[in-house]
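Common to both upcoming complexes is subunit A, partnered first by subunit B, then by subunit C.
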Partner chain A sequence: MSSPHEYIIIAGCGRLGSFLARLLSSDNKSVVVVDKNEEAFNNLTEEFSGFLIGEDITEIDTLIRAKIDKADVFVAATNDDNTNIMVAEIAKKIYQVPKVIARLYEPTKQELYQQLDIDTICPTILSAIAFKEIILAEEE
Partner chain B sequence: MNIIIVGGGKEIHFLAKSLISKGHKLTIINKNSEDCIILKRLHEKAIIVLGDGTKPYILEDANAHYADMIIALTGKDQDNLVVCQIAFGLFNIKKTFANVNDPKNVHIFKELGVKTVISTTQIISSLLEERISTEDIHNLFPIEEGNITLMEIDINEDSRVIGKKLFEIDLPNDSIVGCIMRNNKAIIPRGDTTVTLGDRLIILALPNVQSEILHTLLEKVE
Partner chain C sequence: MKKILIVDDEKNIRLTLKQSLSSEKYDIDIALNGTEALKKIKNDHFDLVLLDIKMPGLSGMEVLEKIRHFNQHINVIMITAYGTIEQAVEAMKLGAIDFVNKPFTPQEIKKIINEVFNREELNLKDLSTYHNMLNFAKKCIIDKQYNKATEYLNKAMTFSNNEAEPHNLLGNIYEVKAQFNDALNEYRIALEIEPSNKQAMSNKNRLIDFLNFRNRLNKGKNE
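Showing the complex of A and B:
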């Protein structure tokens, strides 16, 4: 089981990042959310009790300020696939963060980055599967 | 060689022209349709692909399976990284070049497997710094990704090394005078070659001793 002191960095505070931050925060994890657009922090609700950093995640200094060397989990959830890939790789290969997950919109990129030991979640594929299951269930 | 360039607007025209004139087969991928039209007009021999070069299927359209080299020149460092990684990982292109805008990304990209990383920002700023510090340097080329520099320095009337033999000049250990241009003739100097007014010294050196060399050669006679 994971410890309650687990330290999680979330890059990107859009719909996915902010929702995930809220879930993890109410589960007593210590969470830091990074987004270059400080207005994005409005997506967070009062339940969120973590820290915020309003800087560009692609700058290495931002990652250092977020204490990436101490992170147990790193989530790349910005709205740009390539930004997610780059920061996820830096987290995994340079800072050896144990668990790194990246959101990728583009399904065809997934194969390569799974080889690089980065977990990827592709909303396109997940929703397609969910749709399919509903459609097939109705047919029965 | 089959070469793919990803991204780049007007600034790649010169590169494209020079690669085509050397007989390379060039494919340019650009996601801006207006840029593509201009590129096609200027470089009839090149294949122009409209699309996002960070996507595997666009690279496939550009015949990446048959490419020998890929050059990533988009304005975003993360896009350039992904281009090179997909090119290497999915299409087995061995030679990958990425331009980075943030010089801090140079060593990061190398750790992440990009073969050659070029930081134009770094090159330009080092050039500017040297220009400002003295006008007697004519050229300064970073070689081997900036690990070595080649300098051309003119000896003016104020220099205190005029009339001295090379072995008498106390140049730093990590530098060597490779050639002296005198009256449009190249001289390969030896230790007993005398430096005269108007000489242009061509010096190979490590970057960290550049300023010491300038100091030694150009400091005024007290």
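Showing the complex of A and C:
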């Protein structure tokens, strides 16, 4: 059985992008990682089996080259919230990628994404919740 | 079971291809470079070769040329670099007309392989759809029956006149026959039908560059 989320584009190959790329490709997904800084591809480990595009994700040619029109999932994981919001919106609105997820550092921007129907992962919020749970568990 | 040889120097691409085909019933073998591929094709039977154009050492085109010295009939799908579809005419002369552009989705790769295998079985009585007509024309091109291919490409166009692919192939055939203006005309039609068609764009630009170069060369000779 093939899963519907077969072709995944990840924008940004930092710690998050590269780790996610590794997890997904060990799960037999077809993964395309895009980062304008080709040295960032060194973050990928041996287990990664997918495509690398060393170009700027904010260029429309790069998106076309990555075949965004065929993507099942688009992940915006660059280190800049504004870039993430822009490319995520392009993926969602222009190319109608079925699932678009963006990482954002700034929790206050989350509402904006919700309006655009884009899923977000905010490490700040996730860590705060995890901290809170540990602290409250200790109180009990 | 159909036997496929994957030829690529990049581990990532070999793995992706293997994974993409894991749900299909194919017997898959791997070669890390052109020399190893040629050795395997000489010693074993393969139904299809997936061949990367850009490799260190022997390039994909050189491997294709060498394969044709001893095997005219093996199916070859060329894997091309990101965003480019180069050398379409040279590859056509060597009996390869199927290209997959990196990065590719598992569906794309499965579809093109299916198409290549189904094409082998096609015969004249099946030609009732655009798709079959086009594929029959492709079969003729691979067998270097260019006039017959032209006839069936034209017939395919009567089934569906808003497809760019038959015009691209017709343009390639004209180029093989050195009818460059006719070729350019076909690429222009393909682009009118589908302005973002990468193959047509790359064909047109390459041919215009070539014609400009030839003009400059002729001018130089006359002066």
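Following the convention adopted for this analysis, the second predicted complex is superposed on the first by the 136 of 140 C-alpha atoms of A that agree within 3 Å, B and C clash if a C-alpha of one lies under 4 Å from a C-alpha of the other, contacts with A are read in each partner's own complex, and residues count from 1 in each chain.
Here, a residue touches a chain if its C-beta (ideal position, glycine included) is under 8 Å from a C-beta of that chain, and two chains touch if they have at least 3 such contacts.
It should be emphasised that the depicted structure is a prediction, and the values quoted were computed from it without experimental measurement.
**Student:** Do subunit B and subunit C fit side by side on subunit A after the overlay, or clash?
**Tutor:** fit
**Student:** Touching A:66 in the superposition: subunit B (first), subunit C (second), both, neither?
**Tutor:** A:66 contacts subunit C only, not subunit B.
**Student:** A:58 contacts which: subunit B (first), subunit C (second), both, neither?
**Tutor:** first
**Student:** Let me test your reading of the model: by the given contact rule, A:93 touches which partner, first (subunit B), second (subunit C), both or neither?
**Tutor:** first
**Student:** Does the superposition put A:115 against subunit B (first), subunit C (second), both, or neither?
**Tutor:** first
**Student:** State the minimum pairwise Cα distance, in Å, between subunit B and subunit C in the overlaid complexes.
**Tutor:** It is 15 Å, taken between the nearest C-alpha atoms.
**Student:** List the residues of subunit A that touch subunit B in one complex and subunit C in the other.
**Tutor:** In subunit A, positions 61 sit in both the subunit B and subunit C interfaces.
**Student:** Help me check something: in the complex, which residues belonging to subunit A touch subunit B?
**Tutor:** 58-61, 80-83, 85-86, 89-90, 93-94, 106, 108-109, 111-112, 115-116
**Student:** What residues of subunit B sit close enough to touch subunit A in their complex?
**Tutor:** Listed in rising order, the residues are 54-57, 76-79, 81-82, 85-86, 89-90, 102, 104-105, 108, 111-112.
**Student:** Given the complex with subunit C, which residues does subunit A contribute to the contact?
**Tutor:** 2, 6-7, 28, 30, 32, 48-53, 61, 64-67, 70
**Student:** What does subunit C use to touch subunit A in their complex?
**Tutor:** Residues of subunit C touching subunit A: 11-13, 15-16, 19-20, 22-23, 82-83, 102-108.
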